[in-house]
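You will see chain A twice below: alongside chain B first, and alongside chain C after that.
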Partner chain A sequence: MKNRQPAYQPTSRSKAVKAGAVASAAALSLLLAACGGQTTSAEAGTGEKVDGGTIRYAHLQEPACVYGGWIQQAFLSRQVLDSLVSQTEDGSIVAWLAEKWKVSEDQLTWTFTLKPGLEFTDGTPLDAQAVSDNFEFWQGGGNGTVQAHIGDYYSSSRAIDATTLEVKLSEPFAPFLSALSQGYFGIQSPTALESRSEAENCESPIGSGPFTVGEWKRGQSITFNRNDAYNSAPQNAKHQGPAYVDSVVWSFIQDNTSRFGSLASGESDAIGEVPTVDFDTAKAQFDVQQFLTPGRPVTLSLNTVEGPFTDVKVRQAFAYSADRKAVVDSAFLGVVPFEGNGTVSSSTPGYNPDVAADYPFDVEKANVLLDEAGWTERSAEGTRTKDGKELEIKIVFGLNSIVTAEGATALQNLQEQVKATGFKVTLVPATQAELFSGQFSTPDSYDAQLGYWTSPHAGILYINFRQNTEKKPNPANTTFYNNAKIEDVILKANSAKTTAEANKLYGEAQQLLSDEAVAVGLYTQTSSVASNPKVKDIWLEASQGEPVFHDAYFTE
Partner chain B sequence: MSTTTFTPGKPEVTARTFTASLLGGVPVAAVISTVVLAFFVIAALAPRLLTGADPLAIDLGAALQAPSSDHWFGTDQSGRDLYTRVVYGTRESLLIGLGATGLAIGIAAVLGVTAGLGGRFADGLINRGLEVLFAFPVLLLAMLFVTIYGPSVTTQIVAVGLGTAPGYARMIRGQVLAVRNSGYVEAAHGLGHSRWQVLRQHVFPNAMRPLIAVVTLGVGQSIVWASGLAFLGLGVAPPSPEWGALLDAGRMFITKAWWLEVMPGLAIVALALAATSLGRHLQTKLEGSQP
Partner chain C sequence: MSILETRETTLETDPDQASRPRRDRHIFTGLRSLGTRLLSAVGVIWAAATFTFLIQSLLPGDRATLLLNQLNGQIQERTAAELAPINEKYGFTDPLIVQYFRFLGDLATGNLGTSYQLHKPVIEVIGDQIAPTIVLTFTSLLIAWAICIVVIVGTAKRNRFFSSVASGLEALAAGLPQYWLGVILLVVFALNLGLFPVVGGTGIGGLLLPALTLGIPLAGFLGQVIRTEFESGMDQPFALTARMRGMGDTGVRLRHVLRHSVLPGITLSGWALGSLFSAAVIAESIFTRPGLGKVLVTAVNSRDLPVVCGIVILVAVIYVVANLLVDVAYTLIDPRLKTS
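Entry: the complex of A and B
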């Protein structure tokens, strides 16, 4: 498998950054080789290309609607919406709806030149005004994730002429183009946004993409029908023009065994989220791709304002208390890599690898820290106590929505391991409804929460660690950790003039956060696809592993 | 294909086969069932008598090992000893079985007796209500409840109890109607006993007696329902060794580690079969001793 390491700016990098990138690439390649994440094929599949047909793809999760701010929605909306730019495997940004762009000297004004003559599938012209309308739609609350990425930087946008769009930022924002390449930033028809209800636009967004949303059988599948007039594929697509297949039936099979079984039995042509237990079998029989998602890895956010984790020594002790690598390797059977850095994952440009090694498994250190923190007594069960109160940690995790069954096993392993140092961990699996309704969003609702946040750039640090104040709340700050100094470093990184400077500052912020042990890393979020060798050219795009079917075709 | 001719002698042969007995007339099946149930009762009350290991202790180096002399039922994905987990899981599973059946019988007794004795209006109302509930499968009702209130032992008990109560209520209503019209109840009324006295001394005990057997059948059935819920991810949260939770956790490995599904599954089958068999034996005994 090729290393897919995205970056956020098409500018050149310094030697140090290149060396870092090469080192990360090598490390990733080794890691993936060790994890078995290489594309293999049992059948040669050398037959002739066949136009048409229907790809039956089985996916793990079914969101409430197609367009939204959750990665599962971006997976779907990527099939029907085009974005301004696309990110490639080597990290550069290439043309999509925008064929070229430039940024002003002060990095506050971005000018995009759009491809001429484009239309949405409802006939509305896809011009600069339409894209500007989308920026206003996002900024007006149309997509929370878009706001999280650019909301604090976007100032205004206007159409200079039909194909020239000007976007003004309030501050320089280095990861701007990288952010725009994600599925959340798909451009919708302004006519549809204006004339249809929010629910309609959410369920069947109108874009200019290779497919349109067809029938949605709730609980079963969505059919995506080919857009025969498609002529706006990104530069990094394998072909221009309409999709080769007539349609994609995107079914939802949550049970791992059944999903893999559907591929093995021929009921599906491809599946997503290949179960780890079936990974070796899949590699032997099918084409397998695995993508290490950039952004924040799957991490335990420790509640720094209420409960035992308000004490940095207890947080550090917790990080030292488990052999997290063994915990993850065992639960994921070596398929998904351990990630010790709790703030940025290894496939993200600007990743600081030193941070990943900050808290190795060290029971002795953990015990010393807990003694120093005053948790000196032990109950009959071995749990540490302080002033008669047990060192009890409540970990909340969204089972089957955010955390897979393997992730839940990793938590159980960790729960047992930290017993030795005197932590009593209670695991609270939350349903998707509980989690998304905000039931576990307040400091009194958990001591730690397991979650991830995908992002093709290390500016994710700003999203997750911008201070959470009354005047300017930040629901994505799940540690509730407010630190003006660290926020300042992240802000400087966001507005840095060069990628090298930005990455240096992002790395510094990761170290500062690691010193405070606010987030304990567990494993990398991944996307994977296994497909029948007769289906060619399904690919995972580089911003966050969205599966792309535009280039896919069947062979004889 | 051969044709079977039923002759008067056939049932006698069948009867002799199944009444093979030990210990002075007690059927073999009842003895085996009692031994199996005794094992599970010990497992529920004093699991340490059956295993010295910790059901939660992980051993990452010994994950997914097949059954062996070291690990009779094999190990799970965290290297936990599955036999130990099955033994320790008995308490919660049995609690769900007994609790759900008890709750169902309690609700059913109130509804059934009220319908049977409460006059045409109450009978009609309760019957229509029960018919509506019958329209929903037990599992669907239970799933709805667990979805709203979240998975735990308590919600499993209530969910399965509520789901199975309509069946018992219909049964109790039938018994109450039969007893209410019996000669001895008429005689009691004739002797001048108060309505409450007749209900307490004659109707209730005689209507409920056949249900003792049904209860034992229901315990096994409730465990199976609860396991079904857990298998669908609506059961007790891991790392609980509750049997349904074990099945749920093991299904991911069904193609690689058969023991994770088969061993807890066998425990459920053994307990349900033993309880059912003993229930049938009790039913036969009680029917034989009816006035």
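Entry: the complex of A and C
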């Protein structure tokens, strides 16, 4: 901790002043890059491990609570809560709070054996009953995202003895363990959940994890203090026992220039969401890791029940109308990969890569399809018309809450490209309040909506494409697409006996959905971290890409 | 206390009114003007609260859906069953007028409610964050005054060239957008020269750049107003008299003309204080300073009505208080107002 030199030394004064004088907002990042490029990276130390210290980490978004069903909350709660199991990069599941597990022949009863003698940081024993209480808490509305993942499958749970937990499902559910590995499934102290106020459980949930929540200075930072008694790291952690560092100061720096600047000036040891414009500079000077988030990629969900996209030919034509790879590459400077598969992203176990190439950029095909669909006339501006109505597409996207500025640029590129085939795209950037209040959740409010949904397993297809019926509505089906046959394939996949069989069926479902062109893929949701080379072993966990600081340490 | 009551008390405590009619009239007008001021202050605050409440409540979209979706990071419609407990808890399904009077009633008893998002009392949310914003606001105002006084006393009505360059710079400064200026200051002085921390925080070192970000454009505004007054003041008979008495140029400028010409600047400062308070969010987000501006933006984004109303009411109070202070400052600076 002491005597650490900043990794970045400012260039000579005169140069910087001159550069500053000519800088305009647009040139700032270039300026930074130019300055950064001329400096040497961190001075070579002895590389010897130092115990203790405080990691200063800077993150983009600050959620209202530490625990919740939003990925931003999972980032925080991962530091203080442990889950039952952990998912590794290859999609396999390893032990965490549960040492081992088995499933009954009918796949309906899961029996977990917990590590013995564990305690939450408030002293409550972390036993089978405590875990069972957590299942009940989630199902009772404690976490809507948990419900989205397992709500239709979970039936009951009970403690057989202190370390043996039995979970009953109503139907076999192949991605069950994978779902449990996410931060939303972090196990909290039932005593804390029951006896403390809503505000306390929001600000400082009590778990058994490597850190505890210290002070939260709103608008500034949260301090995570080491849990000295920590002894339940997942099997894929790099060490067991308490964390090496004393604490992590997790600050919130929304401004991209400032966040990267704080790393460059040595005020932060690591930052998340490395700005795309600074990505190359960061790679040259710092340790950069990028994680492609599994689940549904950032995709355009096309409204299949109202407007022009009710016609499958128009949907397909739209997918053919743009060089989406170029659209994404130019907006993200090649940092974030294009994803042609509109339903499942490439890092998800069970991803079907063939689907990604189903709709290459092909203006001719698009034109033929639109002609066949009856959009034969063109207006003076070149927009296709049918019965005097223009082929207008309203794309809604949550700017800055769901979609980054680069994502918005990608949409603008797309808007320009599809003009050639006669689409008139209107972009509707929605504020966070508009979006979350459900203003743009109804079929009459958009033709296409850009969004993602993280999930470590391809069972995300069930969440997004389960039929939306009156009896059993599925508001997460943002294409409003109901197809009993495809749903059936997905259900079969969910209840398959083996992961291999499940993945084959998930692949099939992706192909069927792609044939219907209900979702047009654009790019992968990513998370990234850049760290000073003197900090080692920060890693991004594989269910959602949350940075893990338990193994991290400083070197001399 | 109403005006009527005031009058009665005055009458009772002062039975021998006929002998001192003049003083009574003075006290009476004083109290009446205080009463009118208080009434209008309450009116301003009521209007601000009502307006914010209505806007927040009447915006399209469902508030319970918003809360539930934000909790889960999902964007979707919600079933009535899911929304029922939230509606119940916050009374969203009550008629708007009922909600409004409940809100006013709470407000009257000083209860600003509990944040929907943070689950904390609004008073606490504001209390946690108000100090850095107040520090930033007053430092910016001081910096603005310091810059503009130095520039004006130094350049107005001296060398024609300097004078016009300075007045040109004032116009330029007044037109500088704060978000642009802030990023430039950050990149040049914090990132490249390393003179200040990039992440400001609440320390002294982190205060100067954000305060300059807000203070420089304000100095431009103040300068434009004061300069005109200052230049005409230099030609006034009192300035001539002072010179004839043998006073030096600097003395005349500082002791007579400046005092005469800052009045419009003082008026402007009342407005500026409120405006700085609302502009603070720009400096706060660029320099990663905690503060109310950031809280307000987050609250607006998530339609956290109690927090938004709380902060808007606070800003209204600040405007009212600032204007009162301006009036007091007037009488201190301009002795003519004391006797009139």
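Basically, the second predicted complex is superposed on the first by the 508 of 556 C-alpha atoms of A that agree within 3 Å, B and C clash if a C-alpha of one lies under 4 Å from a C-alpha of the other, contacts with A are read in each partner's own complex, and residues count from 1 in each chain.
Here, contacts are C-beta pairs under 8 Å (C-beta built on N, C-alpha and C of every residue); 3 or more make two chains touch, one makes a residue touch a chain.
Just so it is clear, the structure is predicted and the values come from calculations on it, not from any experiment.
Legend: residue contacts after superposition of the two complexes on their common chain; A:Thr163 is shown touching neither chain B nor chain C. Looking at the shared chain after the overlay, A:Asp255 reaches both chain B and chain C.
In the superposition on chain A, contact is made by A:Val327 with chain B only, not with chain C.
Of the two partner chains placed around the shared chain by superposition, neither chain B nor chain C is touched by A:Thr421.
By the touch criterion defined above, A:Ala405 reaches chain B but does not reach chain C.
Of the two partner chains placed by superposition, A:Gln289 touches none, neither chain B nor chain C.
By the document's definition of touching, of the two partners only chain C reaches A:Gln73; chain B does not.
Between chain B and chain C, the partner in contact with more residues of chain A is C.
In the overlay built on the shared chain, the residue A:Thr431 is in contact with chain B and with chain C.
In the superposed model, A:Thr212 lies in contact with neither chain B nor chain C. 255, 257, 431, 434 are the residues of chain A that lie in the contact sets of both chain B and chain C, per the superposition on chain A.
Touching chain A in their complex are the following residues of chain B: 56-58, 60, 63, 77-79, 147, 150-151, 233, 237-239, 249, 251-256. Note for the complex: chain A touches chain B at residues 255-257, 275, 277-278, 281, 326-327, 330-331, 399-400, 405-406, 408-409, 412-413, 415-417, 427-429, 431, 434.
In the complex of the two chains, the chain A residues touching chain C come out as 10-11, 13, 16-17, 19-21, 23, 25, 28, 31-32, 35, 58, 62, 64-65, 68-73, 141, 143-145, 148, 197-199, 202-203, 217-220, 251-255, 257-258, 261-262, 264-265, 267-268, 398, 401-402, 431-442, 451, 473, 475-476, 478. Those residues of chain C whose C-beta lies close enough to touch chain A in the complex are 59-63, 65-66, 68-79, 82, 85, 117-120, 125, 128-129, 180, 183-184, 186-188, 190-194, 197-199, 201-202, 284-291, 294-295, 298, 300-303.
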